[in-house]
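Take a look at the structures listed below.
Presented sequentially are two complexes of chain A, the first with chain B as partner and the second with chain C.
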Partner chain A sequence: MRFFEFEARRIVEQAGIPVTSYGFCTTPDEAREAAAEIGGPTVVKSQVLTGGRMKAGGVKFADTPDEAAAHAEEILKLEINGHMPRGVLVDPKAEVKQEYYAGVVWDGTAKKPLMLFSDMGGIDIEQVAEEHPDHVGRGHISNLDPVFDFQAKEVIAATGVTGSQLNRATPILARLAELFRDGDMLLAEINPLAELTDGRFVALDAHMEMEDEATGRQAELLREKLGIAEDDTRDTYVPSEFERRVKAIDAADHRGVIQGKDHNFDGNLGLVIGAGGGSLTLTDAVRSQGGKPANYSEIGGNPSVAKACGLAKEVLQKDGVEKIAVMMSIVSNTRVDIVARGVIKACLELGRDPSEAIAVFRIPGAWEDEGARILDHYGVEYYDRSVSLWDAAGRAVEKVQGAS
Partner chain B sequence: MSVLLTPETTFIVQGITGREAVNLTRECLDYGSRVVGGVTPGRKGREVHGVPVFDTVGQAVEHHGSQIDGSVVTVPPAFTKDAVIEALDNGIKLVVIVTERIPRGDVAEMVEYADRQGARIIGPNCLGLIAPGICKMGGIGGPAKDAEKAYEPGVVGVMSRSGGMTTEISSTLTAAGLGVSTAISIGGDAIIGSTYAELMPFFEADEQTEAIVIYSEPGGRMEAQLAEWVRENDSRLPIVAFMAGKFMDDEEMQGMSFGHAGTIVEGKEDSATEKIARLEEAGIRVVERIDEIPEAVREGVSK
Partner chain C sequence: MSDAASAGDSIFIEIEMSDAVASDPELATKLQEVCPVSIFKATDSGPEIVVSQLDECVLCELCVEAAPQGGIEIIKKYG
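Let's turn to the complex of A and B:
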């Protein structure tokens, strides 16, 4: 789950990291008020979950409250990379002496959070790491022990920063590491972390992302401290009609799991396939042999006949689908006969002859003899484990192309 | 003779009274594995297929009368960390975590805790491991008779990020007469207890193993880590890799998620194409099709 800048700032603020006093506004009037309260020059920033705000005109400077209101009016209407802003943030225009970067990410190889610091802030950290590796400090923290300030100090000192700058930045990076761990974050970044002309360090912009698996246990932070509604998932992905229908079929029955995706798939071969790894392998095998999948899908966890039937029906009814291929790697939990019953039922209910609509059925494993018996009865081309995933996919491609 | 498992290996099942765990227990017992106890808090005194159920891991160890080697953990995500640490604190050295959707911070905590205890975690989000004819620990391969059909004892060590594909690949190796020394479903998450590179030394030390096959997906740095391991260690074992999810590299598929939680591609280096290049640079043979694996293994072994 991604956070807007105004939320990310609140998160760092609550962790004891200094920020400038800012206002989150959803109308030009609110922006005028916030700017008046701040007094002096301000910056008005679009609150969108996408990068490149500056370039798109989503960040503007104002000298007066009226100017801030005018900018807010414009920015509130400005779409950036397909995103409409949630509001604007009105921030005092900071007198910056130097910009730094402070961040924490997961290191999957070390299996520990990794602190990052650079004295070249304001730009992408990947770019700094590539062009000026000696300006990036790195250090892991334990998942079990407390975060010690000296660990943050070592990371910062490695970039050559010393003096009062080192002493002021150290607790900020350490607190950021703590909030990363405590808040189940995937990313916690302050960029820029600014040293003001008066010597203070403040977070001028922050990016935070929380792991979806942890949003349940972070309810206190999300609901009470940030006031984020439960249905506000920030998911920018807009599901297709097919995707929504498959999801509804899946939700209607707790047995097994089905998933369907068809964004940017527009072929003539419908795929009723599984599970995680098998689906990836089979989609590749169809495409590598010149086939055009109409969708991606996953079946797993032993779905009911109704569920298998529901998925097959949705796939069969997709525009342009001529045949479906029902294929899985060897199953031990999902039952072959149940999937067979489901897909045959789908054909019959749509008035299609299973032997014609199902290009191939290749699911070996649990209850395969019973499955074979059913498929045989309807004349469906059935393959067991002696036929590879590649060959089964190739056969399906051959049949659907012969048919067109 | 095999990796991590022996005919004497004893283990418990935590969360044994759950539906999936009951099946898994039956399958392991039928296969001949020594399931010596189960734990579900509040269910002490029950039995699952003759296996005694306890409230705590400590009670199971006491009942067994000596150290228990392993645990298969099937408890819900919110309780997994506690269950795993309970197992580790009771001297268990091999923990298989079946549970999916555990927050990454919890996984990392468990793994660090296990490291400090000299213990090993397999998973999460995995089906466990099997040493054909010796021991099956977890749901891998399914019911005993199905597992026997797909997994015959042999010379190839298998490691896979997909549970189902572990069996598909092993079945292909069995049909080709090569068989499997030990197959490990390592799990589909972004952070897992044991990566390919971390398990390689065990296979290296196993006389029965003559080659390695890995099943791989986009996302994460695990393949790069393996490539590095291969370059740094003069391994006697040829490695054959299969990479799924190449279609995810296509421009129009960017930003969509497919398959396991770990397949989210964060940088260009995590893509299938990049990974294939990385593996090949290290001398690892990457095949396009599962059915090419046995031939590639034979060529690797005869070199």
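Let's turn to the complex of A and C:
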């Protein structure tokens, strides 16, 4: 779950990290009031969950409250990359002496949070890491033990920062690491972390992203502290009709799992595939051999006949699909006969001959003899584990291309 | 095409019950309990077959074991 900048600002503020006084506003009048309260020049920033705000005109500087209100009026109507703003953030135009970067990300390889710090803030950390690797400090923290200041200090010191700057930045990075872990974040980033001309360190901009699965556990933070409604999932992905229907079929029956995706797929070979990483491997195998998948799918965990049938029907009915390939990786515990019944039933209910519509059926695993009997009855050749994933995908491609 | 499908028909599985089983309300309750895919429905006059569930049969044969010997037969229509 992604957070707007104003929410990320509240999160770091609540963690005890200093921020400049700011105002989140949804009207020009509120922006005027916020700018007057801040006093002096301000910056008005669109609150959208997308990048490129500055380039699109979503960030403007104002010298007076009236100018801030005028900018807010424009920005509130400005669509950026298909996103309308939730509001604007009015910030003081800070007197910055030096910009730093402080961040914590999840290191999937080490399975631990990774603290990052750079004395080159205000630009993408990826760019700094590539062009100036000696200006990026790194250090893991435990998933369970407390975060100690000395750990943060080591990371910061690795970039050459010393003295009072080191002492002031240390608790900020340590608190950021704590909020990352306690808040089930995937990303917690302050960029820039500014050293002001008076020596204070403040977070000028922050980005946060929370693990989707943690939103239930983090209800207190989301609902009570940030006021985010339960149905405000921030999901920017719009599922296709195919994806919606497959999801509904899956939700209607607890047995097994099916998933279907078809964004950016427009081929003629429908895929009913799954098991142990099989979907990705098989999609790649089909593509590598010149095939054009009509969709991506996942099937496994012993679905019911109705569920397997539902997925196969949806795939078969997609525009442009000529045949389907039913394939699974390795030896699966999903029953071969049940999946066989499901896909054959789908063919029959759609008035298709299974021996013509099913290009390949390659599922090794439980009840494969029974599955082979069913397939044989309907004239569908069964491939067991003696046929590799690569060969099965290749045969499917040959059959569908031969039919075109 | 080998077989046709129409709504309400089973494609793969049929279940035959003896007259004694088909008229036994007590056994009907037991069959309803043991079948993991809800093929049997208990009624006052005995078990009824839920045709729409037949193809979900997982061939566990719990119904065969619950009934007197030879009272229930699972028929695979695919040979």
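We adopt the following convention: the second predicted complex is superposed on the first by the 396 of 404 C-alpha atoms of A that agree within 3 Å, B and C clash if a C-alpha of one lies under 4 Å from a C-alpha of the other, contacts with A are read in each partner's own complex, and residues count from 1 in each chain.
Keep in mind that, in the parts below, a residue touches a chain if its C-beta (ideal position, glycine included) is under 8 Å from a C-beta of that chain, and two chains touch if they have at least 3 such contacts.
Bear in mind that the values here come from a model prediction, so they are computed numbers and not experimental data.
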Partner chain(s) touched by A:30 [first = chain B, second = chain C, both, neither]: neither
Partner chain(s) touched by A:149 [first = chain B, second = chain C, both, neither]: neither
Which superposed partner A:73 touches (first chain B, second chain C, both, neither): neither
Touching partner for A:344 - first (chain B), second (chain C), both, neither: second
First, second, both or neither for A:263, with chain B first and chain C second: first
Touching partner for A:277 - first (chain B), second (chain C), both, neither: first
Contacts of A:217 with chain B and chain C, given as first, second, both or neither: first
Partner chain(s) touched by A:306 [first = chain B, second = chain C, both, neither]: second
Touch count on chain A, higher of chain B and chain C: B
Which of chain B and chain C A:378 touches, first, second, both or neither: second
Chain B and chain C contact sites that coincide on chain A, given as residue numbers: none
Chain A partner contacts - residues on chain B that touch it in the complex: 77-78, 101-105, 107-109, 111-113, 116, 139-143, 146-147, 150, 160-165, 167-168, 171-172, 175, 188, 190-191, 195, 215, 217, 220-222, 225, 242, 244-248, 250, 252-253, 255-256, 258-260, 263, 288-291
Touching residues on chain C, where the partner in the complex is chain A: 1-5, 11-12, 37, 55-56, 58-59, 76, 78-79
List of chain A residues in touch with chain B within their complex: 106, 108-109, 111-113, 142-144, 181, 184, 186, 211, 213-214, 216-217, 237, 261, 263-264, 274-281, 283-285, 287-288, 296, 298, 300, 328-333, 364-366, 385-386, 388-391
Complex contacts: residues of chain A adjacent to chain C: 304-306, 335, 337-338, 341, 344-345, 348-349, 353-354, 370, 373-374, 377-379
